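Below you'll find the structure, written out as C-alpha cells, and then a few comments.
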Amino acid sequence: MSLPEQVPLSASAGRFIVRVARADDAAAFHALVIEADGALERHAESPEASRATLERVERSLAGKASDAERGYLLLLEDCASGEVVGCVQLVCSIGLDQPFYDYRLGKIVHSSSRLKSYRCHEVLYLCNDLTGCSELHSLYVRRDARGLGGAALLTKAAQLFIAGRLAEFAPRTIIEMHGVRDPDDTSPFWEAVGRHFFKVDQRGAERLVAQGRKAFIAELMPKHPVYLSLLPESAQSTVGGIHPDIAGLAPLLEQDGFHFENHVDIFDAGMVLEAHTRTLNGVANSREFLAGAGEPADGAQRWWVAAGEGEGFCMTAAPGSLAADRLILSPDILSRLGASTGASVRALGTA
Amino acid sequence: MLTIRPAQHSDLDALAETAARAGAPDVSLPNDPRLLGRLIAQSEDAFAADIDFPGEEQYLLVATDDGALVGAMLVVAAAGYPGADYSFRNETIIHASPELGVNHRMYALTLSHDLSGFTLLRPPLVAGDGRRVRVERALVQAALAFIATQPARFAEDLIAPLPGMVDDDGESPFWSAVGSRFFGVSYREAERLALGKDRSFMAELMPHHPIYVPLLPVGAQNVLGQTRAGYMPTYGLLIDEGFEAERYVDVFDGGPTFCVKRGLARSIRVAQKLPLAVDGSIGRSEPECLLANGEASRFRAVLAPALRRPDGRLATTADAASRLELIDDDEVCCVPA
Amino acid sequence: MLTIRPAQHSDLDALAETAARAGAPDVSLPNDPRLLGRLIAQSEDAFAADIDFPGEEQYLLVATDDGALVGAMLVVAAAGYPGADYSFRNETIIHASPELGVNHRMYALTLSHDLSGFTLLRPPLVAGDGRRVRVERALVQAALAFIATQPARFAEDLIAPLPGMVDDDGESPFWSAVGSRFFGVSYREAERLALGKDRSFMAELMPHHPIYVPLLPVGAQNVLGQTRAGYMPTYGLLIDEGFEAERYVDVFDGGPTFCVKRGLARSIRVAQKLPLAVDGSIGRSEPECLLANGEASRFRAVLAPALRRPDGRLATTADAASRLELIDDDEVCCVPA
Amino acid sequence: MSLPEQVPLSASAGRFIVRVARADDAAAFHALVIEADGALERHAESPEASRATLERVERSLAGKASDAERGYLLLLEDCASGEVVGCVQLVCSIGLDQPFYDYRLGKIVHSSSRLKSYRCHEVLYLCNDLTGCSELHSLYVRRDARGLGGAALLTKAAQLFIAGRLAEFAPRTIIEMHGVRDPDDTSPFWEAVGRHFFKVDQRGAERLVAQGRKAFIAELMPKHPVYLSLLPESAQSTVGGIHPDIAGLAPLLEQDGFHFENHVDIFDAGMVLEAHTRTLNGVANSREFLAGAGEPADGAQRWWVAAGEGEGFCMTAAPGSLAADRLILSPDILSRLGASTGASVRALGTA
C-alpha cells in the first residue's frame, strides 16, 4: 500500500479546518467547482447549482429537508488565507428520488464433471443495490493545496460529523472512487461498454447525471448482465480499479473501515468502497470530551477533533492531552474550532 | 437419372468415402464409419416405422446417379429430442432515449431452446464435382417433398444450420471470442460433443445471460450469421426455398440457422399431387421436375423431365415412373423447378 | 351490400357512436371523438401518400351496409414505430437433469421488442348486432386484401392482439399479479398511456428480467394467452386465417397476440387477381366472395356473389363492380370464401 | 435481540471442551449425524461418509489436502462423560471443485418522472459470488446438551482456530443459517420457488447436495433473476430469515463481526452471514499469552482460551488472571487443554 499523503498530512493538517458550508459560501463553492474542471462531476458548473446545493444544506440543518434530499457539504478552509480549498459532500440516503445505479461484480461458476471443466466467470449486473445508503462524494482538494493532508482531514471530518448525527445516516455508507483512465482521459471500460449503449461521450453522460437527468440510464443501459471475460483485457483490468491520482486515498479509507464489496461505477468501473456506518473508525472509536484550554504536553497525542453541532460544526487536527475526562487543547485551536473551555468536543486519536 | 431414396446398409462404404472426402467433422454427416453405420440403421428404422408425431427419428436420404452414390442428406425429425436444442437467438433490443435523441437497436445473443423439436435439415453432402448445385437442390427438394407427403412425421417448423466462418488456420473467431471462454475444451472437441446424444454439458457450461454483440471483438461480430465460402451455394438454395436466417445462430461458431414455417417452404408450397401418366413423347426438351412417390420406407424421388398436361395429369418418362415404382394414374408429388 | 373503404371525416359521428357503444377504452379504437377525429385525418393522409416502406401510418377501414356504418378496423403499418413495441415473449426453457430423471419445460415471460415494426391489425369493432361475425370477417379479409395488393406499405409479419381476460369486477388477474407491481398507476391508466405516442415509460418501469410463469399466482397463469368471451369470434377468425398465438402476450393483461407471416395468412395466400366481368346472371345463388380493387386512397372492397368463369375472368354483379369503381376487364382481387 | 443461550452459556461452558476431530472419532461423529436427523444436511448418513470427512481433516492437518478439500472438524466434548455432543466444520475455500450456489438479494429501482412512479424491487440472483470464501457449517449441538453454551463455545473455537492458521483461510468467512420452516417442516420459500424447478422434494434436493451431486442445480435452477415482489407474501417474508430454533445464534455471530450481506440459501432462503476474516472478534481481538498455573483471583475475567496447534488444538471457556504477560489458569483447566505452564495459549476475553 502506498500512502503518499499520509506522512505529511498529520503534521500539517493543523493548517486547515473543516466546517459546514453556509449560504454565503455559494460563490466560493462555485469557484471550487469551476477550478475542479469536471472532477466535481456531480455539480453543474453554474452559480445557481451551487446556490441550490447550499440551500439544500440549510434545509437539512433546519430539519426541513425531505428524506431524499437531506445532505451536507463540508468545506476545507485554509486558516491562513480563509480560502475554501476543498470539500466533501454527505448524502444521508441515496437513490430515493431517482435511482442510484452501479454495477455489482458477481461470480458465476460453470462446471461440468463430464468435461472436467470448471470456469469461474465474473459478471457485471446493473443494479440499484445501494439505494438508501449514505454516501460521501465530491471529495476534492484544490490542486495548490494538495499533499498537506486536506483529503484525510475531510474524510475524518465526515466521519465525526456522521457520529454526531448518526440517526440521520443509513446503516451503510459508501464512497465511489474515480476509476482508471487512459492518458487522454478516456476510460477503457467506457470505451468497451458504455460507449456502445449511450452514443454520447463519457463526459456528456456524466454531465447529464450531474443535472439529475438520469432517466437515460434506465433507457439506455444494458439490462442484462455483462460477462467480464468477454470484454477486452484492457477493460477487464480496470474493473474495481482506482485512478492513480487518488491511489493514496483508498488505504486511508480502508483503515477507517471501508471495504470494496464488489460494486463499481457504471461509467468507469471505479471501485465503490462501503462501510457499516456504525463501525467506521470515526464513529465507533471517537469519544466525546469536555474541552480544556492549555498547552498540551510535549509529544502529546494528536487528535482529530470536532466541536459544534449542525451549522456550527468545525473540525481540525491538533495535539491534545487527556486530563481526567478533559481534552486539553491549545487556546488557539479552541478558538479556531469556535469552542470554549467546558464545551463538548468529539475526538478521535490519530493511530 | 438422379434418384433419391432412403439410405441402406449397402451404402455404408460409399457414404463413408464421401464423408471422408468432405474432410474433418462436419455438420452434414459424421466422418466415422462406425457412427455412419449406426445412423443408417436408425434411418432404416425410422423410414419403416409408423410415426404419428416427430421424435428421435433421423432420416438419411442418398442421391444416386447411374447407380453411384453422389450425395446424401440427413433430416432430423425433432431437433434436440427428447431434450433441448441449443442456439443463440439474436435478440433485438431497442434502446431509445427521447431526451438524448438516441434510438438505436442493440443486438444480444441469448441462449435459447426455441428450436427444440423443430425438424432439422442438415446441409446436403455432395461428392465434389461440377454437378454439386444440381444434386444439392434435388436432395433439398426431395427432403421437402418427403416432409410434404408425410406431414405427421415432422414439425411445423423447419430449421437448417450452416457451418460458421473460420479463419485461414481453421479457427472460428466466434468460438475464440465466446465459446472458448465458457468451455474448457477445443472447438473441435466441443463440436464433436455437441453432435452426441447427451448435451447436458451445454446447460452446465453455456452462458445463461445474453451476450451483447457490440461488446464482442469486431472479428467475432463480422462472422456472426456468416457461413463458409464453400457453403454459399447451399445458402442460396435455402434462400430460394424461403428460409430466413435473421434470428438464430450456432452457439459454437456463430453460423446461421435458417428457419421457415413448413407451409412457406417453396418446394412444399408449390408441390402438387397429380395422377401420373407415362408418356413416350416426354424427353429432354421438357423441363426437369423433382418427382416423388409419397411413400415412406419405399420413398423414391427423381429429377426427371415432366409436363402437366391439359387433362391435369403429370406426364413423365417410363424410366422415371419405374424408378418411382409408380404406374399410370398413381399419385405423384411434383415440385416444379 | 357490405362495402369496405377508407374512413373519412364524415364518418366521425357514426364511428364515435360505435366506439361509445362498445364501452370503455378498447384496443380496437379510441372511445374519444377528439382522438378519433385525429385518427381519421392520419388515416386519410396514409391512404393518400406514396409509401415505399411501412412507418407511422395508420389505416382505418370502415364497413358500411346500405350506407350505414356497421364496423371499423384499424391497421397500424409498423407497431411501435419509430420506437419499440413491447410484448411478453412466452419463452420455453427446457430444464433437464438426466441424473434426477427430470425433463420439463419451464415458461418465462420476457419483455421483448420482437414485434416492433410488424404490421398490427387491431380487432375489428362492429356495431353489436347479429351480423357481427360476417362483418368482422369481411373487415379482416379486406384488410388482408389491402395488404396483399399494397405490399410495400406493410411489414412481412402481421400481428393481431386481443384483449386479455378480466374478472367480474373488470379487473385483470394478470395485471394484478404482474403489471400492478411495476406501475404506480391503475390498469386503465396504464392502458391509456400505452396507446399514446411516448411509451418511454415502458422502458423505465417494466421488468427487464424474465418472469417465471409457474411462480405466478394460479389466477394469473390461468388467463395467460386467454381473451375475453366477447372476442372468441375474433379469436376463431384469426385462427382460420392461419394466425398463431403461442409465443406473445400483452404486457398489461396477458391477452394473446396473434402472429402470422404475411404469406401464410389465408386470405393473402388464396387471393387471386383476375380480370373482372360484369355478369347479369350472377345472383344470390353464387357464393359470396370478398372482392377488392387494389387501389390505395380509392380502396374499396365488397362482399358480393362472384364466380370464376372457365375463361379465367371473375364474374360479379354490376352493383359490386360499381361499388369497387371497376369496369369490365379491370383487375380485381378476389378472396374466395 | 433475544439471547436465550447467552446467559447460561458463559457460566457453564466450562463443562465442555472443543477439540479437533481425530480419525478415531469416526463412530462418534457418525452417531452425531444420525442423531441430528437431517440437521447436519451436508453429511450423508453413512459410516463411510463420516470416515471420509475425518480423512479429509487428517490430510488437511498434514498439509496434504488440495485447496478445494482443505477443511477441519471441531468437536464439542462433554468433559464429564467424554462424549461428543456437538460439532462445527470449517472449510478453507468453498466452491473450488463444484460450484457453491446461493441467491443474492439485489435491488432494482424502476422510476418514471413522467408517471411520478418510483418502485424499488427486490430481486434474487442465482450466483456463485461466495466462491473461494471460507465457511463455517454444520454447527450442531445435541438436543440433550443444549442451553449450556455449547454453540457459542463452538463458534468462538472456530474463530480461535482460524486465528492460528490465518494463512489457510480466505479474506471472507461465511456461515449459512437455517431458514424459516412451517410447522410441518416445509419451507414457504421452497414451496413458492424451488419446488417448481426441481420436481423433487426439498429433503431430496438437500440430500443430493450432501452427496456432492450438485450438477442438478446448474441444470434445473432458475437462470434468470426472480422478482421477490411477484412471489406470495408467505415466501417473501422468509427471505433472509432464520429458523426460530437458532434465533439466539445470529446475534452472537453478529457481535463477533458477521453481517447479513444479502446472500441467502437457495433452498429455504435462510440468511448467510459474512465476515471479513481478519476482523472477526476471535481473530482481531484474541491475543497469544504464555500460560501460567495458579488459581485465578476471585471475580477474574472469563476467557475463551485455546491451546495447541493443528491436531492438538483444544479450547474451552475459563476464568483467568493476567499477571505480567502470563495468563494464569487453574491447573485443572490447563490439563483439560493439554497445556502446561509456559505453553502458548490464544485467548479472547469474554466481553
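Structure notes:
Lettered A, B, C and D in written order, each chain numbered from 1.
Note that contacts are C-beta pairs under 8 Å (C-beta built on N, C-alpha and C of every residue); 3 or more make two chains touch, one makes a residue touch a chain.
Computed from a predicted structure; not experimentally measured.
For the interfaces A-B and B-D, the C-beta contact count is higher for A-B.
Inter-chain spacing, taken between the CA centroids of chain A and chain B, is 61 Å.
Averaging Cα coordinates per chain places chain B and chain D 56 Å apart. Chain D has its Cα centroid 35 Å from the Cα centroid of chain A. In chain B, the positions touching at least two other chains are 93, 96-97, 198, 200, 203-204, 208-209. Residue positions 108, 110-112, 118, 215, 218-219, 223-224 of chain D are each in touch with at least two other chains.
Viewed as a contact network, the protein chains are fully connected, with every chain touching every other. On the chain B side of its complex with chain D, the touching residues are 200, 203-204, 208-209.
Taken together, the chain C residues at the contact with chain D in this complex read 93, 95-97, 99-100, 102, 104, 106, 108, 177-178, 181-185, 193, 198, 200-201, 204-212, 214-217. The part of chain D that touches chain A in the complex is made up of residues 95-100, 104, 106-113, 118, 120, 125, 127-131, 215, 218, 259, 261-262, 276.
The touching residues of chain B, counted against chain C in their complex, run 80, 82-84, 91-94, 96-98, 103, 112-114, 116, 198, 200, 203, 261, 263-264. For chain D in complex with chain B, the residues that touch the partner chain are 215, 218-219, 223-224.
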